[in-house]
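These notes are about the structure you will find just below.
Residue numbering begins at 1 within each chain, and the chains themselves are lettered A, B, C and D in the order written.
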Amino acid sequence: MSFQNPVFIPGPTNMPEGLRKAVDMPTLDHRSSLFADILHPALAGVKKVLKSETAEVFIFPSTGTGGWETALTNTLSAGDKVLAARNGMFSHRWIDMCTRHGLDMTVVDAPWGAGIPLDRYEDILRKDVNHEIKVVLATHNETATGVRSDIAGVRRAMDAAGHPALLYVDGVSSIGSMDFQMDAWGVDIAVTGSQKGFMLPAGLAIVAFSPKAVARTETAGLARTFFDVRDMAAGYANNAYPYTPAVGLLNGLKTSTEMLLEEGLEAVFARHTRIANGVRAAVDAWGLALCAASPDLYSDTVSAIVTPQGFNATDIVTHAADVYDVAFGVGLGDVAGKVFRIGHLGSMTDVMALAGIATAEMCMVDLGLDIQLGAGVAAAQESYRASTADARRAAA
Amino acid sequence: MSFQNPVFIPGPTNMPEGLRKAVDMPTLDHRSSLFADILHPALAGVKKVLKSETAEVFIFPSTGTGGWETALTNTLSAGDKVLAARNGMFSHRWIDMCTRHGLDMTVVDAPWGAGIPLDRYEDILRKDVNHEIKVVLATHNETATGVRSDIAGVRRAMDAAGHPALLYVDGVSSIGSMDFQMDAWGVDIAVTGSQKGFMLPAGLAIVAFSPKAVARTETAGLARTFFDVRDMAAGYANNAYPYTPAVGLLNGLKTSTEMLLEEGLEAVFARHTRIANGVRAAVDAWGLALCAASPDLYSDTVSAIVTPQGFNATDIVTHAADVYDVAFGVGLGDVAGKVFRIGHLGSMTDVMALAGIATAEMCMVDLGLDIQLGAGVAAAQESYRASTADARRAAA
Amino acid sequence: MSFQNPVFIPGPTNMPEGLRKAVDMPTLDHRSSLFADILHPALAGVKKVLKSETAEVFIFPSTGTGGWETALTNTLSAGDKVLAARNGMFSHRWIDMCTRHGLDMTVVDAPWGAGIPLDRYEDILRKDVNHEIKVVLATHNETATGVRSDIAGVRRAMDAAGHPALLYVDGVSSIGSMDFQMDAWGVDIAVTGSQKGFMLPAGLAIVAFSPKAVARTETAGLARTFFDVRDMAAGYANNAYPYTPAVGLLNGLKTSTEMLLEEGLEAVFARHTRIANGVRAAVDAWGLALCAASPDLYSDTVSAIVTPQGFNATDIVTHAADVYDVAFGVGLGDVAGKVFRIGHLGSMTDVMALAGIATAEMCMVDLGLDIQLGAGVAAAQESYRASTADARRAAA
Amino acid sequence: MSFQNPVFIPGPTNMPEGLRKAVDMPTLDHRSSLFADILHPALAGVKKVLKSETAEVFIFPSTGTGGWETALTNTLSAGDKVLAARNGMFSHRWIDMCTRHGLDMTVVDAPWGAGIPLDRYEDILRKDVNHEIKVVLATHNETATGVRSDIAGVRRAMDAAGHPALLYVDGVSSIGSMDFQMDAWGVDIAVTGSQKGFMLPAGLAIVAFSPKAVARTETAGLARTFFDVRDMAAGYANNAYPYTPAVGLLNGLKTSTEMLLEEGLEAVFARHTRIANGVRAAVDAWGLALCAASPDLYSDTVSAIVTPQGFNATDIVTHAADVYDVAFGVGLGDVAGKVFRIGHLGSMTDVMALAGIATAEMCMVDLGLDIQLGAGVAAAQESYRASTADARRAAA
């Protein structure tokens, strides 16, 4: 474990020095008044990052998966109907969780590389004239394919269908890195974790409920205790927690939201777009394509790169780890072996991204792909040179 | 947040320098082979601390409460009968969780300050001739009252009744600090967290299943995904995790078990007894009594001290925090206002304990209790002087 | 190295969490503009702590001993006459350094436990009618004996004698903990280090020159390069350093001065007096005496405690380290074996001090001294209870 | 201070995670036995890195400049004759220090970019028939020009001249990164610091004396106290220090030598050659030349790159810092504005080096130099691909 090179996985991200220090706290009595000074700013900060005025934020010592479970178990009952699209590994897993909790799923399968099919959502919702569908699920950014779906579009489809279902969004690999407008998009539950846009170690599930979602907690029949948001809310009202909180991570989250808001959310998002554009320029120079089917779907946090047929993309990831001590992401599920992934979210600079691109290039050449060394780097350099100058002008 | 004084809460404990550094890791790719070198030693280390040859250990990014839920949801179905004793806040909460998950509870109420009533357990089990009770719950160390129950005795009672129920033990505030013999005592599920005997930040639920408990996971009807031990087991077999693991905490747990095993478990337990004896000597010198009803029940990790009638024990905790920047534990539930608690587990020395005792003394005098300054300290000093010499002879 | 207990040596002190984090920096280019943002606030902060408007501050990667050498070699020539008092190990060492650099010493020997004899200084200076004495040395706080000398009094004696010599003060174990008025006292060079009142690791010599002292650098004949303040001054003027600076320690010093100034210097000094009073109350309760001959000489940063004749005081220090893992200071030089020392400067609380007092008590009883366990603690508790309440009223 | 990108300055280097943690220690009593367990392994480790069986190592809380002063003041007297070559800023500064300490210098000026002219050394020494020259100085690696001189050759020249002068070598930017054979080369004093090959923060002067050099300390007339190696030696013999040591840095040095020796010195040197070869390949691809006049002089720790006439090389460094948050080194002294420097020593990987090369490329293009983006990167990639495979075979 040399820790010399940055990681290029789609989370956990590289951690800013200041966040590592915020997390690494001596023991603090979580029943003392000091805890409130960590908890409440963290909650408030998350709310601002979500661009919400009305949401209630709940933070669990858990992960995004626990966040999904929080969303389901606090608002639904066994047999409830749920609509979801499956276009990658993470949407697949959320659907699997629903099934395991006894929900009645309507699943729209889309190609891995496509976004959520808005027209099919609308169609299904229109046909649900009795409004039996209680909840619509949407994965904002499919980490497995590098596809960003159009959440505002999902909301428009729901509204066009005049359907009252709630909208739950997995924003694990988008929130804090790409624009997320909880209120404007009518999101009822947003789920994320600490280890992506917030640039912290894994260990927190971060979940925000709209007032409508909060109302559902009174009637939901699914069992929950650890993930019960009513206990959480009762605790927060007393500056407390229903069990032992992960104080250091909460302090990190408070500090992370301060960092993001100080930089400015739009600047944070623009930075992610900038870094991603450089990676995409490199992919193009390599003569390769992204898994994401079209530019409107390109994720700004992770790029899944399709390798030529007959080539095992996972070899790149293994080779990079073994030979160059660099971590990329493998393809998962349907795209296993077909893509490798470069994570470019969180604490990342042009310079770090160039290191990743140069390494990917070496790996591909080492493994016999017909790639010209330096070609992707040059394309990314060109992209960064121009956009950095623009960014500096914008900041000036 | 000055962090100058140690904390005297019953967990999270003071953290050893080496564990803070083990937890504070740069980002490591949890899908790389490096992760296995953290995960497997951590699992193996926990097993040794539990004195088990046969258990399967599962570690979740969660807390002890999540560990309870793991135990229940992986092995039980709605309507299953469960026997439990309530003798403090934490046994109460576990019972509450059972109820919320639809289990059919037989609750034995005992005074707060008493241990688990073995005779009543045996009596109930004998009468359950159809063996409808599936599981017996036992809280090894009631953190709220400083009472250690006799888990070997619970097993004897179950065996005496010839009852096949499984035995699930909450060892959150005992494991790693007080003797725990998973195999010898016939414990089927043991639950703990990272922030007590393991001296780490909160954030891990640590759960061990006996083969019998593992077998139950196939038939258990309660819903679970985040806490599903089958997914966990499948992940471990591939050096992986079903979702993003808390790598730093796992590395801390690996290091913690190394520290405990290097010191020697019996030495660790003896150390806790030694430190606790000093605190108890002080309580005696103050003319006060412990909440724990008799010496065989005295916990070696936390002492709940009963203050005179008419006095609000919580004032001591508030005063210590406000005036001396020292954290003690308040009384919870039935003993709120009646006791205050001194946690003396984990990373604690004679010298640190004397600081806590001296502070408690000042607080009690400040608040008008008839305590002689220095009296408790002197009793503890006498205790430590003698026992330290003994400990050094034992180590020589 | 368990690092569980605080240290009670007269520096390096216990370090505040925030200072450890300020020092532990990733590599920063010391030739970049970022360095100026560390260097200049550190210099300005030190100046404020010294209560000087006119001094130039120089910071070397070195220690207080290097600070002494900086003072001498930048302002004196071989054969120059220097007046100094020897009343402890550190004044002795500074005199020794002067001799080794070829200075012509007039040494006033005083008992170890006495302060600087002002009358003898005045007498010698009056008799030096040709003003051949170029510099008067004064050790503000003799760390070896716990004696604080009267620097304002030294200045009065010099003025009464109408003597133009410069006044150089060793404030290593006073500055940042006890009042030091560089300008008001007419101090020409003040010397300290990072590891005492500034609560940092050792590694910085901190030296301040009055304009008069700066003027002497042009004519001083002693050789110096590493410690040449002219190179340092030239560097600072360009936001640079004549060689590689200890950036982390400088960042720590910047942060340390911010902490001290935020608390308020008078509050910092009062805090040290408060903590010291408790220690002194304990010494009195033990029936022992301080090495310092009278209360006006008592140091607020370190107490040297005289043990009964025939007893080897160093045994207490060895025993405390071996048995209780606690560090006290041994006696040095003339008082070796006769005193042990409790350092109570820097990051120290009432509660930490009580731990040290309780430990010293146990050690003394273990070693057969006729001390009553708890007696010193009780006296200190009484002192802290009263003074803490006063301090809180003052802050309110 | 974002600390996201690595630095490419010729020291302080990027720090390995493990060394940062070794340095960041809580306070330890340096008069306790714990200190010996840090000090002696650090001394022994340095000796092994120097490949010496006979040297005495001394470590001061200072820098390499203090190491030079240690060498001079402990072994020479005013008026002593010293031979030195000036071929860069650091050799120049050491000569300047000699002059300021009253030594009688014979200076051989060589072009900046050349190595030490061995023939001229030999010629001068042959002509010094009375052996008045006491010491020969040699700068192993001129950090300002990226030139490695032939120290074995200097020794051969001295021997060929049959001259008994001692040989003092500045190995500040070579030791720990490039081969250094103190005994085999007949080096009498070797000087380095903590912040280069040892990859630590600045703050330690590390000096090794041959037995002959130690013997000179008895007769040396120059004044010294802080840097007196006799006091240091006397301290070490008692597991102590003549003043307060920089314990954390010493612990870091102990750990650093363990890391270097575990990797194997020859492997460490080969690694530096490998990384440097990649940088040199990039320089060649850019159509630029190194300041070092010929390949035998190329430094493996720093490359000084000559930019086209009329171009201010310092602009690259400023631009890299301002626009890309990357630190390179400026040209110093005679080559100011003519070269910029890439440091590639210490904690550095292929991947990190590629990031630096890519950044330099962007800067040069941004500033109008006729460089093709990606060209240098591609050349370095080619170099690294081949050599990494070789290194893996060697290690297998």
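Rule of thumb we're sticking to: contacts are C-beta pairs under 8 Å (C-beta built on N, C-alpha and C of every residue); 3 or more make two chains touch, one makes a residue touch a chain.
Every value quoted in this text rests on a predicted model; they were computed, and no experiment measured them.
When the C-beta pairs in contact are tallied for B-C and for B-D, the bigger tally goes to B-C.
Set against the C-alpha centre of subunit C, every other chain centre is closer than that of A. Chain centres here are Cα means. That of subunit B falls 54 Å from that of subunit D.
Distance between chain centres (mean CA atoms), subunit B to subunit C: 46 Å. In subunit B, the positions touching at least two other chains are 1, 3, 14, 17, 25-26. Of all residues in subunit A, only 1, 3, 7, 9, 11-15, 20, 23-34, 60-66, 68-69, 73, 78, 96-97, 100-102, 193, 195, 201-203, 222-228, 242-249, 321, 327, 329-330 touch subunit B in the complex they form.
Taken together, the subunit B residues at the contact with subunit C in this complex read 1-5, 14, 16-17, 323-326, 347-352, 354-355, 358-359, 361-362, 365-366, 372-375, 377-379, 381-382, 384-385, 388-389, 392. By the touch rule above, subunit A contacts subunit C in their complex via residues 17, 21, 26.
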